[in-house]
């Protein structure tokens, strides 16, 4: 008797789960859907609220393409995001390795130094960094966007957490074999934390892709990265919604595709990183 | 063997290094000398200058027109190389970044040579950004000759970038407040299209009629939010006989009775239902869509409205700034001037050449035709070889030009904190008009706070 | 299963030269710091150096232009800042934002995480993708879409809800808008963190409770949630510290701090001082105050979560 009731209660729970998740998913996705739907309408239909964009038209994309150098922007954005993600991953890995493989004196203070960067508002660091970039001659270059962002506090924290759970015995065994720490890092540690590295890399890439304020300050002569292309359609004389939505869509599309393809990786990597 | 306290050593090194390496290098005194004449360029002397304009930030007609103009300039002045750029910064509206961009570049020692900045920022441009007085750079005669060359500048426009009789900039683009009308909606509400509203009372009646007959919104006055800045608020206040800043520039006067009356009128529009509560962006979008019957806006947005009218199937009309009963309307201009801020004599001279070209008959013809801004050399609209045909197509141009005669300059607040004074005033106006706060009390409180920010000696 | 490897006993090694072992030991002790060096150097140059400069700047009155003098004014920037009414207002609004965001970063993700345990397979993947999608949209692009959706007449939100509220021009609704849109944005990330936390909990505890006769509801309340508390503590810390930063691009694009300053959070105020006005000293003072303020709050929160969180052995 009890089991039967349990079973139907379970079915209700599953149904409830579907409702909750489905409803939430829908609410979350509606603005994203709207972005693409508006961009696919004809320019004169841009203000309509019909649920489905019909007739379909790529005119907005054509307009955006004509005004912005989309392939150039796309390339710039990929390079910038890729360099930042790779750099943050490497720097984070080295720092996390230091925390995990040794008993450092002052480990708490050093860890705090990384975490405390969350407390420093970027509004405060932007101008002084801009002045330094000018002195280094890196203004208006992709390098100027990349270099100040090469250390990610989130990356260090997550990798450190993950590596703290790494079996010490493997490290000790390798050390006994006489291998140097550098070799241990690349031959023992990295192969075993592949999923975590991959998922972190994706997260860092997405975060760098969506960067706006810093590139806006550093890059100027060119439009630079895709996110800045949006600004070209807003201005003193009114907003051009059609091409703007098309540009926004173009700037989100690669990331969305990447996510759909690598979704499993991200979730698994996150879950296995054991962030407790 | 006691191990070295490495972490302590490292920490000390880092801190010492930071403290030593830091420092902004703030100057302790401002060197200032009189600006000397910039000598004429020798033929064959290569100069390259940087020109910054917020109009280059927007994709479309502006960038294309500018590019055409600069190409023509290069053709006529092969020894001068111009690099055009937009302001840096992250605002959606590049115009909002214009001044901070110049400031940021000045602080790193590489400011542009010629800049286009709004009249609202003029005091700051001259005092802090050190725009060079053109009268000293090239001589007052040369400046006057330029104003008079070809079709002369409108008399009211010549003095817009003048302070104490010295010309610091050449006014470049320019618009006056116009009451744009959706004549289709007004006709549906039973109003006579040949007798558009000319006083604020008539505007309110018309707006309420539109509301009652069609359910669409009546009128929006784009002068009451921080994003709108204060140029058209000054028009409304001046038309009521008041001022926002005293004539000697030392006192804030926007809480005086005439100004309070003007702001109360605007609040009355909202509270009576004649005007919806919208942001500037929403209002422009609504009017473009055809959901708003009247909007008081800068004539620079005319092209957007025309496109919306064509696409939405309604008729666009426009009349001059409405009057308060018993007072003439006093429109103030919005717009920008071109300034030279370089310290290098050769670049100063090259910059002057660029400015002369950008404010010539040829340039104004192109700008008017491609973008729709009013040419400051008003004789062009009567010139068959110039803009006569263009002006004939849009009757509102005549209205705009007629307003030029009654126009007064956009007054900018003095001092380094002028933005905070202006924003404080606009916040108070927004509170009164859109949030229904008490006019006299709110404006007085804001004026007192703003008065504390005026430069010492005021 | 891993086999315990006992480290071999190290026999004393005769020291042929007194200097070499000490040097080697020094080098060995330095090695971990060498790994830390790139990260720390980058932070020192690009994060902490500007902070120190800001601290120095906060004692000056200057507009960052080389053409004007910078006068030292001692503590007057701080005094002026703390007595400005907009400062206190901004702090309260930030508190309100944080409180309003907590449902999105803690309550909803926990509900979703618990519900997701039941829904597996294809459907689960699809739902997860949908919930994560907003995170992939750049804040500026997202703000542009929301601007569109929130138009009082033509926007979808009002069409569906049937009102005429101006979600961007009226103070109350504008604040609600910022909270909801920021929450929409970060929901995916919070869901992911909670899912990771749930997957990391040991299922044995829940099973033991079930065997003891606890209902699923009781298990959730007394077993699962406490086990999740370190994760929730982490999310709480992130929300408190980063809520204002997360909402910044939205405030900048959608409301510009308005209407009448209703959505000006502490970081927007900072931005306004740094880039909107030319009072660099005041902006710097604000930056230092917020840094120290958040630092104190963070330390308090960390201490609190360490005290209250339940750790699994």
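Per-chain numbering from 1; labels A, B and C assigned in written order.
The rule is short, and it goes like this: a contact is a pair of C-beta atoms (placed from the backbone, for glycine too) under 8 Å apart; a residue touches a chain by one contact, two chains touch by 3 or more.
Predicted model, so just to flag it, every value in this text is computed and none were measured.
Peer 1: Considering only which chains touch which, label the overall pattern as line, ring, star, complete or other.
Peer 2: Drawn as a graph, the chains make a fully connected set, so complete.
Peer 1: Report which of B-C and A-B is connected by more C-beta pairs in contact.
Peer 2: B-C
Peer 1: Hey, how far is the Cα centre of chain A from the one of chain C, in Å?
Peer 2: The mean C-alpha positions of chain A and chain C differ by 15 Å.
Peer 1: Based only on mean CA positions, could you tell me how far chain A sits from chain B in angstrom?
Peer 2: 38
Peer 1: Where in chain C do residues touch two or more of the other chains?
Peer 2: As it turns out, chain C has residues touching two or more other chains at 33, 40, 48-49, 53, 64, 154, 275.
Peer 1: Where does chain B touch two or more other chains at once, residue-wise?
Peer 2: Within chain B, the residues that touch at least two other chains are 6, 24, 89-92, 104, 107, 109, 281, 285, 289.
Peer 1: Two or more other chains in contact with one residue: find those residues in chain A.
Peer 2: 47, 104, 110, 127-128, 212-213
Peer 1: Can you list the chain C residues touching chain A in their complex?
Peer 2: Per the stated touch rule, the residues are 2, 4-5, 7-8, 31-33, 35-36, 38-40, 42-43, 45-51, 53-54, 64, 108, 111-112, 115-119, 123-142, 144-146, 148-149, 154-156, 159, 184, 187-188, 192-193, 195-197, 199-200, 216, 230-231, 234, 241-242, 245, 249, 267, 270-271, 274-275, 280, 283-284, 287, 290-291, 294-295, 298, 311-312.
Peer 1: For chain A, which residues count as touching chain C in their complex?
Peer 2: Within the complex, chain A contacts chain C at residues 10, 13-14, 16-18, 20-22, 24-32, 34-35, 38, 47, 49, 91-92, 94-95, 97-99, 101-102, 104, 110, 113-129, 132, 147-151, 156, 167, 169, 172-173, 176, 181, 206, 209-210, 212-213, 227, 230, 241, 244-245, 248, 251-252, 255-256, 259-260, 263-264, 266-267, 270-271, 273-276.
Peer 1: Which residues of chain B touch chain C in the complex?
Peer 2: 1, 3-4, 6, 10, 14, 17-19, 21-24, 26-30, 32, 89-92, 97, 100, 103-104, 106-107, 109, 124, 128-130, 217, 225-227, 276-279, 281-282, 285-286, 289, 291, 416-417, 419-420, 423, 427, 430-431, 434-435
Peer 1: What part of chain B is in contact with chain A in the complex they form?
Peer 2: Going through chain B, the ones touching chain A are 5-8, 11, 24, 54-55, 57-60, 83, 85-86, 88-95, 104, 107-110, 281, 284-285, 288-289, 300-301, 303-304, 311.
Peer 1: Can you name the residues of chain C that touch chain B in the complex?
Peer 2: On the chain C side, the touching residues are 22, 25-26, 29-30, 33, 40, 44, 48-49, 52-53, 56-57, 60, 62-70, 147, 151-154, 166, 168-171, 252-253, 255-261, 275-279.
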